[in-house]
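Note that chain A is present in both complexes that follow, paired respectively with chain B and with chain C.
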Partner chain A sequence: MIEALLQALINGVIAGTILAVPALGFTAIFAVLNYPNFAIGALATVGAYAGWAGNTALGLPMVAALALAFAATAVAGLAVQWVAVKPLESAGALMMAIASLAAGLVLENALRFTFGNDLRGYDLPLLRDWRFGEFRVGPQQVQNFALALAAMALLWAFLRYSRTGRAMRAVADNRDLALLRGVDPVRVAAVTVAVGAGLAGMGGMLIGLDTSVDPLVGNRLILSIFAAAVLGGLGSIPGAVAGAIAIGVAEELAVLAFNPAYRLVVGFVVILAVLTLRPAGLFGARAS
Partner chain B sequence: MVSYVVFLLVVAGIYALLAQSLCLAWGVTGLVNLGLAGFFAIGAYASATLTKWGGAPVPVGLLAAMLAGAVAGFVVCVSTLRLRDDYLAIVTLGFAEAVRVVASNEIWLTGGTDGISGIPAGLPRDWGQGFHLAALGIVTAILGLVWFALRRLVASPWGRALRAVREDQIVAAVAGKRVTRLKAEAFAIAAAIAALAGALYGHYTSYIAPEIFQPLITIYVFLAVTAGGNGRPTGAAIGAYLLIAFLEATRFAAEILPGVSAVQAAALREASVGVVLILLLRLRPRGLFPERNQKAPA
Partner chain C sequence: MSLTRRLVLGAAAGTLAVPYVVRAQAETFRIGALNPITGAGSPYGTGMQRMIQAAVEAINSAGGVNGRRIEVFAEDTQTSPQAAVLAAKKLIEVNRVRAILGTWSSGVSLAVIPLTNEADILLMHTSGAPALSTPPANAKNLGYRYQATNDRFGRAFAEIAVREGFRRPATMAFNNASGIGNTDGFRRAWAAKGNQNGEHVVYEPNQPSYRAELLRVLSTRPDVIVMGSFLPDTTIILREWFQTGTPVKWIIPAWAANPQLVQALGPAVTNGIIAVDSVSNEGAEAFTAYDAAYRRAMNQPGASNVYAAMTWDMANTLALAIEQAKSFETAAINAAIRRVANPPGEAVSAFAAGKAAIAAGRKINYEGASSVLDFDEFGDVTPDFGVFFIENGQFNRRYVVKI
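Our next item is the complex of A and B:
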């Protein structure tokens, strides 16, 4: 029993770390552009297909395929932003959210039109799980975990040290003050959408590596992404990471305790509980 | 051909009911309900289980569905009403997914993914064409009732207060309106209307299953309400009939496209729904029947 719990904990931390990548993308867009981007699931799917195409058709190694997933999804995210969302800026956050949902539907079906509904698998060597006493971890799992950590480290360095990254944090923190200091809001918004969507795409590819790729692979993640972001506090970067790891662990424990299908419901229950008890989440400042 | 048109008109009436629900929540009160498909499902299951396994008459099932929808609506919205509006959007989106998962797995109650078949209609199905015409009459009459009631509600002081909440919560609160309570009432009533639509759907088609209640339904209704005009019950209802006409037109258009597989045709149809919604939001966000300014009472 204890072993099963610890195994669930290990799996949960790994899954949560991977989930943190798209959750960071969602929360970053919310922090800077001030609306929830509901295309995030479809964007993750775009990344999963881009990485898969890079890996199987072009024979790219994983790191290069991940970079391709980032780039392709950044472009798709900018297209969603510019074509569907931006014209509705004056109509408010809700209209932008609805437009992003519609744009996500278009992206998902563009992929379905091109690739069909079949499951696609990455070209991966079959490897035996590593065993540590009672516990087992797949080498692929560990690789994905490491890639997710590397992506987050890069994001952290970008936000901490680059001029653009600092400008993004400034806009998220206090938009008016940032504009007063001469930050270009259009540029910051574009970079945020590109990076946020790119992260979603990397997340989608990492999940696709673990399972398989189909037009709904990103949409299946969307509740977990929302739950991670809300638990951490919408718009909080460290919160998204902490929230994602907590959701990853909670989902694995739920699989242990209930019917595995109820994994999906964990996110919804967490969102309801957090909003009832502590709407600002773990690290968030603003909710109302 | 006649039976095809009658069937479409019944389905359009059910979508028009969903559009009434979204008109009240979103158009009038400014509460986005992205979980419309979930409330639709709750109503369908509540009425189907009660009438099929509980032996209750269909009208009792319809009332129970509305009650279940209102309770679910209240539970879903209550935690977010004091927060920014986009939290409600996130919660409702999650709600619809959660409903589908529960419906797929609580087999003792919902029949799981097999669904529930043989749902009683309250009318003999062996009337053939007569059954469909009678169903059309009933659904259209119920839609008419809901439309009339909603028009009265929207024009009443309560409806004015809802629009005040939509435009500016702080001003409404300063004017002494109980903002949280008004929002909860509007959302719960809207959820009850969506549940009623679900119950009617189940009784008419005699079969429900989790796969029927796709999130796509919610987007369809957003499209209908945006096309017709989201602030007016009349606009929302007409938008729903236009939606069904549009969906059928894309079905025929996709069939005559050369060299397109069935999956591709389905993908094109779904994508076209998204494209039209984006275009409408951008070009004609107030719809065919824009909200009219109401004169202040003397």
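Our next item is the complex of A and C:
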């Protein structure tokens, strides 16, 4: 039993760390633009396909394919923002959320139209798990875990040290004050959407690496992403990471305790509990 | 010549003057071909639709049914219940079809059958869920299943497990009527043989990973895992299983263990998997005719699409039943279906021969391309099952199981 518990914990931390990448994208967009971008699931799917195409058609190695996934999804994210969301800005956050949801459906079906419903696999050898006594962990899991950590480290450095990153944080903290200090809001919004969407694309590709690439990759993630962001506190960067790891672990542990059919309930229960008991989430101060 | 009002009026009057009989002949018996052209059923759907059209062509060139031609309206279910319901509504309300043929996947058929029941028309489908046999789904007995039920699939799995010498089977099922039907059928049949059932996990669809569910099953050290699953989840589960390096065998229904699975995972992962499918009635004359039609339409052997053989049989049994009923009323046609398909009677394998026999007053028994096609009290058939071993990416049929 203890072994099973620890194994679930290991799997949960790894799954959660990977989940944190798209959750960061989601929460960053929320922090700066003040609306939940539900196209994030479809954007993750775009990233999975872009990375897959880069890997199989262009023969790119993983890190280069991941960069391509980021770039392609950043472009797609900007398109969603400018075409669907921005025209509805004056109508409020709810309208923007609905517009993003609709744009996500369009993106998903555009992918389905282009690539079909077939499952695609990366051009990678399937490797056996490494075993440590009773525990096992897959080389692919470890690689994805490392790539997710690297992506987060890059994001952290970008937000901490670059001028644009600091401007993004400034807008997230206090929009009016930032504007007074001469921050260009259009540029900050564009960079945030590009980075946020790019992160979602990287997350989609990392998930696709471990499973398969099909038009529903992002759809499978969206509830967990949202639950992670809500748990961590919408708009909080460290919160998204903590929330994602907590969701990852909770989903794995749930299978030990309950019938696996109820695993998906975890996300809903977490959202419900957080919104009832602590609407600001673990780290959030802004959400109300 | 310009179209004047006088000309139009004249033409209309002329049409009315045409004798009533001629206009009656132009009236058709309308049926819907509602198939999975896109989505998870897309490898089969186009062939299924073409075979309805090909069978109807043969029926019409043999003089049609009760003097009327059959007219086919084709739609796509997208293998999605929502899309299927919209398409079925259109077929029923706009095209006014009198029967719907060829729905695939239980979710789709379970969604469509309330509509066909409501409209008092027949639904002939290829889905496995046991719930489609009984009320409420089949409350009016207007549903006919040309595929084996999932329960029968499960019984076939149990026969195979015995034959292959497995002793500790575990089961994993996708949480829907079809998936659970497969594993429940297996577990019942396995227990009935005096064996002990192993771990049973029902999993939710659309998860990015099934590692936790899989490890839970593998921790009980089964020698075979029997699946009630679909392609996307099976792909992920097998990938994660291979990574664990745990030796175990798999018995999987062929709609999940198909060439697409091999394509996604490669021959190394899929080696030794046992894929089970109902097999067509390959020795039969009806199959020869179907096979020729399928090759003409799809440029592939008829045996590559068991569901297309089923839709071929749907059009033929429906047409024969209409001939037998000498009526276009649903109740009369419904009453005639078992009469033309089940023994006793003169075995016929094509519409033209059956029509002639019926006209001569003889009782017929249509022997189909998909199976001998004898419907039980629930409207279900019992085909045989082919047992395919995946070896180096190839599907090799080792033997056939009868239940």
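The criterion applied here is as follows: the second predicted complex is superposed on the first by the 287 of 288 C-alpha atoms of A that agree within 3 Å, B and C clash if a C-alpha of one lies under 4 Å from a C-alpha of the other, contacts with A are read in each partner's own complex, and residues count from 1 in each chain.
We adopt the following convention: contacts are C-beta pairs under 8 Å (C-beta built on N, C-alpha and C of every residue); 3 or more make two chains touch, one makes a residue touch a chain.
If you're wondering where the values come from, they're calculated on a predicted model, not measured in any experiment.
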Superposition on chain A - do chain B and chain C clash or fit: clash
Touched partner set for A:T276, first chain B, second chain C, both or neither: first
Partner chain(s) touched by A:Q143 [first = chain B, second = chain C, both, neither]: neither
First (chain B), second (chain C), both or neither touched by A:S212: second
First, second, both or neither for A:A15, with chain B first and chain C second: second
First, second, both or neither for A:T164, with chain B first and chain C second: neither
Which superposed partner A:P36 touches (first chain B, second chain C, both, neither): first
Touching partner for A:N117 - first (chain B), second (chain C), both, neither: both
Partner chain(s) touched by A:D129 [first = chain B, second = chain C, both, neither]: second
Which superposed partner A:A4 touches (first chain B, second chain C, both, neither): second
Clash-bearing segment of chain B, relative to chain C, as chosen among 37-45, 55-63, 109-117 or 145-153: 109-117
Contact residues of chain A, present in both the chain B and the chain C interface: 116-117, 259, 261-262, 264
Contacting residues of chain C [partner chain A, same complex]: 38-40, 42, 175, 201-204, 206-209, 211-213, 215-216, 219, 231-232, 235-236, 239, 242-245, 260, 263-266, 268-269
In the complex with chain B, residue positions of chain A that touch it: 35-36, 38, 83-84, 87-88, 91, 93-95, 97-99, 101-106, 108-110, 112-113, 116-117, 222-223, 226-227, 230, 234, 259, 261-262, 264-265, 267-269, 271-272, 275-276, 279, 287-288
Chain C-facing residues of chain A, complex: 4, 7-8, 11, 15, 116-121, 126-129, 131, 136, 138, 140, 207, 210-212, 214, 216-217, 219-221, 224, 251-252, 255-256, 259-264
Residue ranges of chain B touching chain A (in the complex, touch as defined): 30, 32, 34, 76, 79-80, 82-87, 89-91, 93-95, 97-98, 101-102, 104-105, 216, 219, 222, 261, 263-264, 266-268, 270-271, 273-275, 277-278, 281-282, 285
